[in-house]
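In order of appearance the chains are A, B and C, and numbering begins at 1 in each one.
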Amino acid sequence: MIKRFVCVQCPIGCKLTVEIKDADNSIIKIEGNRCQRGIAYAEDEIKDPKRIITTSVKVIGGELPLVSVKTDKPIPKKYIKDVMDIVKSKEVKAPVKRGDIIIENILGTNVNIVATRSVE
Amino acid sequence: MKVVIIGGGISGTFIARELSKYDLDITLIEKNLDIAWGTTKANSGILHAGYDDFPDTLRAKLCAKGNALHFKLSEELDYDVKRTGSLVVAFDEAGLKTLEELLKRGKKNNVPGLEILKGEEIFEKEPHLNREVKYALWAPTGGIIESWGAAIAAVENAIANGLKLILGEKVIDFERKNGRISKVITDKNTYEVDLVINAAGLYGDEIAKIAGAEFIPIYPRRGEYILLDKKIGGIVNSVIFPTPTEKSKGILVLPTIDGGILLGPTAEDLSEDQKENTATSSYGLKRIIEETKRLVPSLDISYAIKTFAGIRAENPNKDFFIKESEKIPNFINVIGIRSPGLTAAPAIATYVVEEIIQDRLKINLEKKKTFISKRERIKRYSELPLEEWNEEIKKDPLSGKIICYCNMVTEREILEAIRRGARSLDGVKFRTRASFGRCQGNFCGPRILEILARELNKDLSEITAGSEKAWILNGRVRP
Amino acid sequence: MKTDVVVIGGGAAGLGAALSAYKEGVDVILIEQEERIGGILNQCIHNGFGLQYFKQELTGPEYAEMFMEKIKDTPIKILSNSFLHSIDEKNKKIYLITPYGIQTIETKAIVMATGARERPFGSLLIPGKRPSGIFTAGVAQKYMNIQNILPGKRALILGSGDIGLIMARRLTLEGVEVVGVIERLPYAGGLLRNVVQCLEDYNIPLYLSSTVVEVRGDGRLEEVIVSKLDETFNPIPGTEESFNVDTLILSVGLIPNTELLNDLVEIDGTSRGFSASNLGQTSLDFVFAAGNCTIIYDLVDYVTLEGEKAGKYAAYYVKGEKFTGKVPIKKGKNIGILFPNYYTSRDDLILYLRVRRPMEKGRLKVGSLEREYKDLVPSEILRVKVPEKYIENYSEIEVSMEEA
């Protein structure tokens, strides 16, 4: 099977083509990368895809009801639902500053949920 | 004397206003959550000159009269009418014959200023018309009117003069005593009554049936429309009609009060159970594009910002059915009010009040000494000269806060609309023209919702687009 | 009020223009009609911004805040809640409606950074009633991300451009069931990375060569009818499929906001945005333009760069420079969107173009430059720097993309 995706490790955004063995998902060939990071990204994407999640957290007492947040590193896709459940029940008090850690080390992954804007 | 008017469309509201000049206890009952929600909201907005209708009909009698009355009333009640003139075009000699027939009819109906133009005279008036047009009937008293604006103006003035407006109640039955109607029963309340005026539009026949009065069957005729952006405004200056057929006046190209261009309507007869079928269709929209291109070949449909459809109350008699009932002596029918109903509305109102109530029913009406004849619309700051607008803002900062960017509608106007009865997004739209512009509410919609929720002390998700079922938002992302 | 440069619009282009004009030492006033600056970036809480400009991957609000912080440290005057009423081009005065009164600003140059609006449902001529529950993607995004409100329970998305794909994911993460994304072309409109991360990740089906042919619902949307399209984009009878949804999200195109100056400056016939030179100057010499009000960009980084350029040259204009020798740039074969419309040798020519149809290999020709590109799609803007030597001494520069 051929899988195509765009590597997001750097601004170039190489279009990667990966050939994998249908039986066990092992990688046969990676093409399109301009550096080693692309290979690491491709391997990850096949074995344990990770994503940056962007969402919102409720703000108490702020000029806006929500603060937009993100995971500060990509987190394994399989955790998305659990991350969302935790985020949905979290509340944070204003003021919030861009970069504030809203939830530290979520699900023990060493990934933090950080604010992507300030809310007075 | 207690009068109940059933129906808050153009007929009911104008009759209410006329009646409010007299010492009467008047209640207007409207089944929708706001007035003018039926046909009055979705029509061509045309002020007909009056040459279309056969001279012995009520339509003919009341159209030219209503046309003239609108100009006086629009000043008293502060709504928009414009005498743009209208042109009925013909492409050949057969068409010319029809125009000549209309001219004759028009003269009989006392329509002033009619003349048949040919060749260059036509294109001097309308340079974008198809050059294959050979003749045109020019009617200088034809024009355009903002139908819901007129109805809102009439009802606001009637309320200032004592009218009780009941919204969201549907008349379901009547109580009779000694062969007369003694009570009007709705799904929520009962109203004692001495005189009932049935102006229930599409449901006029059903109301008359329930009352036990005579009626004519009303069947729905659907008309679809396409509205084009103001950017293309000016492509026509007057109302352009094709040569009419037996069935209808045809699909038109006309300017709107707002400065946009309206194309339509189609004319499709639907079955009686389809009175709420305001859906547009792909064949209907296609027909509009084809037939209007024939009138104005340079029409660019990519300027379309909205499509909609309205239902007209057609009846087999091909005339207004405005009559006191013989079976029920205190019941007056004002139904079958299709084209030129909007134009005739002020004349229908005086006809009902003077000829029917006073002359024929011999009911003595006392004129109010305290009648307030003038009503002012919500002040449109964007129409003020800048120095004046500046003065207003200094007194009232919210008149400097623009909510609807496309039409420059301020927060003050929206608050005033709510004060005057707007309870939904549509209620605000139709009173202020917010969301009518090219972005169609994309920028202002969310902010208008916020203002409505704040002023009405409701949650954002409780505010609807118009009807109860038209919920907009579904709770919070983060409760 | 008097100033040197007025920037109309506090979004990505405006922020860039204001800062760069200020850097050239002129007085700047930034006008914004909303309460907050930042424009559409404020509601774009997803990733993908700044990869080129900041060399990091940022979300929209982060990108915006980085500029807003820079502006705070300058004397640039920001007028928010200020609506541009009109421009008196003879006297170089602009009139603003604000809650403090009508504000008149006498200026020497203007930079238009008014962005774009979404195509409304009504312009699509889709048959049916007008039930509530039909939102353009940007409006749904604003409700969700700024006002904390969900637009519905079960949604269908029309348009597979990036914003439609982003909203598919956003809605799904917040518990709205997204039953599918409908696309009229035979390929997805947005970036491949978004197709993967927004649709495939969440098993949201993508229906290509399809479109919405009818909406149904009494009051609120209840049903959407989708039909397959043939090669000429006409619905194929008999292929209708019904989707029971209460929400329809539209991502069907953006239109530049140029209306205030439509009669005063040249507007590009294809993009419907302001025509401008490679310096950002429009056909009115003191008016410059940048960002989505010229062409619709796909990367905000480009918008910032063009905004900065327009701001810089607006400042130079104020300082007395005259820009002459505008050479028209014309669209040749296979070019759909092209910007800028004119070239002056005062600065480099940086072209932004979209091809008309997907091409595996294309040969770009600009003046005497020829260069090959791979994997070209209309949804991705190609940014090309054309060195002067390839375009000097041309009275007209044609840009074309030959299929190679």
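Side notes on the structure shown:
Heads up, the rule we're going with is that a contact is a pair of C-beta atoms (placed from the backbone, for glycine too) under 8 Å apart; a residue touches a chain by one contact, two chains touch by 3 or more.
Computed from a predicted model, the values in this text were never measured in an experiment.
Set against the C-alpha centre of subunit A, every other chain centre is closer than that of B.
The most centrally placed chain, judged by C-alpha centroids, is C. Subunit A and subunit C have centres, each the mean of its CA atoms, that are 26 Å apart.
Taking each chain's centre as the mean of its C-alpha atoms, subunit B lies 39 Å from subunit C.
The distance from the centre of subunit A to the centre of subunit B, each centre being the mean of the chain's C-alpha atoms, comes to 55 Å. Shared contact sites, meaning residues of subunit A that touch two or more other chains, fall at 56, 58, 65-66.
Listed for subunit B are residues 477-478, each touching two or more other chains.
Taken residue by residue, subunit C touches two or more other chains at 144, 147-148, 174, whereas all remaining positions touch fewer.
For subunit C in complex with subunit B, the touching residues are 33, 81, 83, 85, 95, 97-102, 117-118, 120-123, 125-133, 136, 138-139, 142-144, 147-153, 174, 213-214, 216, 218-220, 259, 262.
Listing the residues of subunit A that touch subunit C in their complex gives 4-6, 8, 10-11, 13, 15, 49, 51-56, 58, 64-66, 68, 70, 77, 80, 84, 98, 116-118.
The touching residues of subunit B, when paired with subunit C in their complex, are 226-227, 231, 276, 278-282, 284-285, 301-302, 304-309, 386-387, 389-390, 393-394, 397-398, 400-402, 405, 408, 410, 438-443, 445-446, 450, 460-461, 464-478. The touching residues of subunit C, counted against subunit A in their complex, run 42, 45-47, 51-52, 55, 57-62, 64-65, 144-148, 173-174, 191-193, 196-197, 201, 375.
Chain contact summary for the complex, subunit A toward subunit B: residues 56-58, 65-66, 88.
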